[in-house]
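Structures for review follow.
Two complexes, one shared chain (chain A), two partners (chain B, chain C).
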Partner chain A sequence: MINLLRYEIKRIVWSKKYLYIVLLIVASTYDSLTRLIIGGYMGTAPFSDWSYTLFLNLISPLLMVSMIFIISSTFNDKEMRARSIIFSSPITQTKYYILKSFAVFVIFILTSLVPISMSFIYYKIMFGYGEFGSFIKFIFAFLFPTFIFLLGLSMLLGKINVKLIYTLIPVVFLIGFLNLGGDIVPMWADIFGNNFFDMYSLSMLIGREMEIVPFKLPNAFIYTRLELVLLGLIFLLYTCNKEEKE
Partner chain B sequence: MEIKLENISKEYKNVKALDNINLAINSPAMIGFVGPNGAGKSTLMKMLVGQLLPTSGNIIVDGVLLNKNEKHLKERLGYLPQDFGLYEELTVEEFLDYMACLKGINRSKRKSIDRAISLTSLEEKRKFKIKTLSGGQKQRIGIAQAILNNPELLIVDEPTVGLDPEERIKFRNLFSEGSKEKIVILSTHIIEDVESICNSIIVLNKGKILFAGEPSELVKGALDHVGTIEIVGNNREEILESGMKGEFKITSTVITPHGTRYRVVSESLPSSFEKITPSLEDAYVYCMLKGEVENAG
Partner chain C sequence: MPDKLLLIKNEVKYMFKEKAIILLILAACIILSIGINSLNMTNDFNLFYIRRTSSTVSFNSAKFGATICSLLFALFTVINLDKDKRKRSKAIIESNLDYLNIIKVRITSIIFYAILTTIVGMIVVMAIQKLIYGISIDAFYYLFSYFVIFFPTLLFSILIISGLYLLTESLDMSVITFIMLFIKSLKSNNYLLAWVQTNLDIVSDFAGIGPVENTIIYNRLLWLLISLSIFFIGLLFRRRYESGIGSSFFINIKSKGLLALTILVLLGSGFTYAKEPYTMELMSDLDMPIDEKIQLEGIYPEVEFDSENGKMNAHILYSFINNGSNTVKFNINEGLKINSLKVNGEEISYKKIKNIVEVPIPNAEKVNIEFSYDGEVKYDKNGVGSGMPGYISKYSIYLLEASNWIFRPLVVEGDIIDISGYYMAPDYLTMVVPGKLVEVETIDGNKKWIFEYKSHTADIGAFAAKYKKVQIDVLNMAVEFYYTPKHEEYVDNMQIVEHIKDMMEYYTQNIGKYYSKEYPLKIAEVSIYKRGGHSSENVITFSENTINRDNDMYSVLGKNNGIEDFRKVDVYANDLNLIAHEMAHQWWGTGVNVIEDIPWSSEGLANYFSYKYTQKEFGDMISSGAFLQPWEYRVNELKNYYYIKNDDMKEKLNEKFIRSLEMEKRKAELYYLMPLKLLKGEEIQGEKAFLEGMQKIYKGHLLKDLTYDEFLKEMNLDEEALEID
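== the complex of A and B ==
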């Protein structure tokens, strides 16, 4: 299985498509750091918990859309034609989808490391700041639940019809980039955690009594993230186990 | 290995792709599936490899229902579909290594890959990315992955498409040698391929088996139904018209110094035709013609 995973990852990483994705993420990260994060969020330092979670929130849409685009290759014509050979081997459909999902998961980690490393280098060079350990929990809270949910959803939609994945790409892009707040994007569809900034932080800032705005991830936010993980895993389980023979 | 097909039917939106197929295959066997496009050959093959489910009927492999024993079959299977894709970003060697992992070849994996590469004459291309290879070379990779695990059951659908005549002969012989102790099922439009290697032939049309048996039996059935006639000059209209009406089928047309010589297959050969010994191709055409007449009846 390790060998198969190695080949799956190689197939994705050693492609022009992936190179362009990485270049786009590098450009977008550079823009976010130098134009938006450098000023800090709501008067906090650029390397504060507030600013870093905002940074994760800013890079998230492009990262997730890229991953959905990569997932779409599991269901494109080329892969479908290869399946006629692959499914003549003893690999089960469940193992096949687990293999594909795990490969995308590894690619997600590798790709996420690009903006994360860039941010760490930026903080070190610009501000001499090096205490990155505190950021790890935010990376898990902001990036992973969104990814797991979208991985499960994309796999499920792809299995129904690959065109549904292509439809999902602009939808996710819009939800992520149009930081519209709770009035337009309801809480249940807030897969990127935009409401956390739009509502929670605003109320904290208005009613604050201290100079330093305390940073705390509210329980409601954490539950929403856990729900996304759970939903994503349910979608994945369903995709892996649903028989698709004619 | 023993494969039994019992009353297999497959329907797609009220169209019968296979209609009550009954068949028993025991190793060793080298079987040729022949029939026109849409006859049901590929559907039958996909069912045999467990990629399609029958609408009704059972496929039994070594005494156990296929849907309850798919792993048993797939561990012993080599399959080359008619239309297939490869992971073109990988090299030939990497793709075969990938397939070897899928097929669960652990011991002597390197040996198996080398053997498959050598049998398909891909030595020079082993380090090349698949996307840089020609259609014929990709077809050879398809064959290489099918024989990688030295399968007990080898099913190849139109395996010689895109290959040059020399390669075609080479692969025909490869399949034939493999059938000494296993089952090889070959689907093709090229009767010559079947004639030279198969000890059993199955003629399919419109989802039904028209003939199943030895090629010599098929030929025997066409005796007295194949003939030739030479038309002197340009009086070809009459014969072409009869051909159009379906009275007989013209299997070859040769321009001679005096006119045109036609080779025809007919249910009842007109007396003006000179009877000749049928070839397997003639016999196949006769079988199809007879099927059409019976259906019309």
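== the complex of A and C ==
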């Protein structure tokens, strides 16, 4: 199983498509850091928790759309044809989807490491800042739940019909990119957490009386993130166990 | 029927049977309908409750729809192009047909559906406007919004994604690259790059699309060339049967027509971008060194406006007192071409570096410089659509001094500058001239508006539109209120004229008499293309959103003029405050020349008095929530800005960012910190005593300068006492 996983990851990572995606993410990260993050979010330091969360929100739509594309390859015609051969081997359908999902999860971590390490290098070189520990909770709170939810949803939709994954792409991108404000998108539907971030930062940073305003994630927000993770896992479980039509 | 047309017909039929396109058209109609109210979904508080008209309904829906539908159409296109590859049928088709024809047919069919979506979407929105809102249809705005904004966006999306797909032969890579271009468009301030929805916030009901139409059409032209370039490059790299990208390119390049077209559109894109004719980088006054050895004494402008063609022709005479200078520098507008330049009556050559003209002058005490120039006023590069300090269009002329439409001499200004001359414009326009209107002559379908003025500054504006003029007499003062008859209903229902009267009375009672009996106060509505207000000498302007709100706003003044809806009251209070602020400048700025010494300036005084007026009208809760609290917040916030607290870190930033940060800080100090200081002074001395002190100062410094030190001394205040914690 480990060998299969290793092979699956290698297959994705050593493709031209993945290289291209990484190059675009590098370009987009560079642009975000040098053009937007350098100024700091709402006057906070460029390396503040607030600015870093903004950075995560900026890279997130592209990162997630890239991952959905990678997931979509699980359901393309080539893969579907190969599947009848795969299922004639000892591997079960459940194991097959777990393998695929886990491979995408590892790819997600590897891909996320590109902008994250770029940001760390940028902070160190530009500002001599190296206390990256505080960013980890934001990476976990903003990137992971979104990814797990979308992984589960994409797998589920892909299993129904691959065209549904393509429909999901503009929807995900627009939700991540357009900031619609807290009145329009309820917190439970705020997949990227960007609307929460917008409203929360406005309430905390406007009229602040200190230079460093601590960014404490409210419990309500954490619960919604956990809900997203849970939903993603339920979708995945359903995908893994639902019998496939012959 | 020729083969190609038959193929297109079949493809259109085939796509229709697939049903995805029906869903796409349906989704587009829903998105366009949601877009009607998209202005109220933004954070742009100033544009809330804007009156629904054909222009706003069609433009908002088209702009909102273009953003989402461009993505949907791009995806639909790329899925269609990728179809044969996915189904592994490409090789079979290629062995029977030229695959290029298939690509062309598919793209043409999608463009056909984009046109159909545009027409259907437009009809749906028109029906909503007519049947639900009961607003009559103006077809021109619909055609403009849907065929200049919405459809071109879809067309560009289709061409760009097709080109990217042909280039990469990968659905994923082409979509992700497309998304990057999409983000760039939405995040850019440069109007040239805003291909998705253009960078216009709203279409002006006051001025129409005239002032911005050229820039929008230019943007569309540029992106047609860019999208064609991407598409043709894609065709050059289109994969041939069993060939890689390199060998395919060498086969494709043999098509001389395609190669020539690609080069042509590429050069065209580059040329169109580089030679953009409508904007320039306007330099702010703060960046300009002033020559202290020469003083401006008079300006005599004779200007003819050709509003139909957006042009002007000017002859301007400047008179100076020279105390030992060899040159005079002028800050000019690059769109205006100098035809002749005379110094003391003699033609002279000059140096021009970008938008600065350096004129050599003789070593004489009196120097007269005469310019003749003509052309089109260029806009500020980053302000197209919302911050245009100058434009000339068929139904509206708006020229602030900041646009340098009258070349600005970079010299010291005399205490009193003699200004006289005329503006000539088509007779259907009413001109608002500075100072006193002496006479209006009608000459061959034009009107000549002759004016004269003794001014403190060389700030000369020109404003014209099809105005309705209302003469308001308050306490023997003359106020002229100019607004478009289109907004008359709102002006009447929201008691705008009564408020102007109240403001005049309030300022007269609490500050002193209006500074002049000779020069009436002129208040003019202007277009939304320059947001906010402006005051120069005896003319003040405010943007149309102030008096162009929806009928819903009438609920603000309930049956007994009581307050019913707080959100709307906030909008209303802000609108009135804008007028009150600009009017207060007639006392502080025009009446008393307040010498800027940050945070001290006329802005702080104007904001303090407009706040006092709003407090009187709306009570403590509204005025404090709408003004006082945001001021305190902004001042506190800026004090804690990272780059303000850590000045040495500014070196990490680029010059543009540093400048914008400094402007933000300056604005907060002038507009928010200073009125807070004045309120603190009021708190120390008591309102009555403080206002009496202000009245004394106004009286004592009328038509004179007022420094911060003089103010503090005469008010018996000191800097420390006014310190804000």
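Basically, the second predicted complex is superposed on the first by the 233 of 246 C-alpha atoms of A that agree within 3 Å, B and C clash if a C-alpha of one lies under 4 Å from a C-alpha of the other, contacts with A are read in each partner's own complex, and residues count from 1 in each chain.
Assume a contact is a pair of C-beta atoms (placed from the backbone, for glycine too) under 8 Å apart; a residue touches a chain by one contact, two chains touch by 3 or more.
Quick caveat, the model's predicted, so the values are computed rather than measured.
On the superposed chain A, the two partners chain B and chain C both fit, without a clash.
Once the two complexes are overlaid on the shared chain, A:216 sits clear of chain B and of chain C alike.
When chain B and chain C are set side by side, the one touching more residues of chain A is C. After overlaying the two complexes on the shared chain, residue contacts for A:124 are found with neither chain B nor chain C. By the touch criterion defined above, A:242 lies against neither chain B nor chain C after alignment on the C-alpha atoms of chain A. Once the two complexes are laid over each other on the shared chain, residue contacts for A:46 go to chain C alone; chain B is not touched. Of the two partner chains placed around the shared chain by superposition, neither chain B nor chain C is touched by A:137.
In the superposition on chain A, contact is made by A:4 with chain B only, not with chain C.
Between chain B and chain C in the chain A overlay, the least Cα distance found is 11 Å.
Overlap of the chain B and chain C contact sets on chain A: residues 77. Against chain A, the residues of chain B that register as touching in their complex are 49, 51-53, 71, 74-75, 77-81, 83-90, 94, 97-99, 101-104, 142, 145. Within the complex, the chain A residues that touch chain B are 1, 3-4, 7, 10-11, 14-15, 77-91, 245-246. Contact residues on chain C toward chain A in their complex (touch as defined above): 20, 41, 43, 67-68, 71-72, 75, 79, 86-88, 168, 170-173, 175-177, 179-180, 183, 186, 629, 632-634, 636-638, 640-646, 649, 652-653, 657, 661. Taken together, the chain A residues at the contact with chain C in this complex read 16-17, 20-21, 24, 27-28, 38-40, 42-46, 48, 61-62, 65-66, 69-70, 72, 76-77, 126-127, 163, 166-167, 169-170, 173-174, 177-178, 180-181, 184, 205-211.
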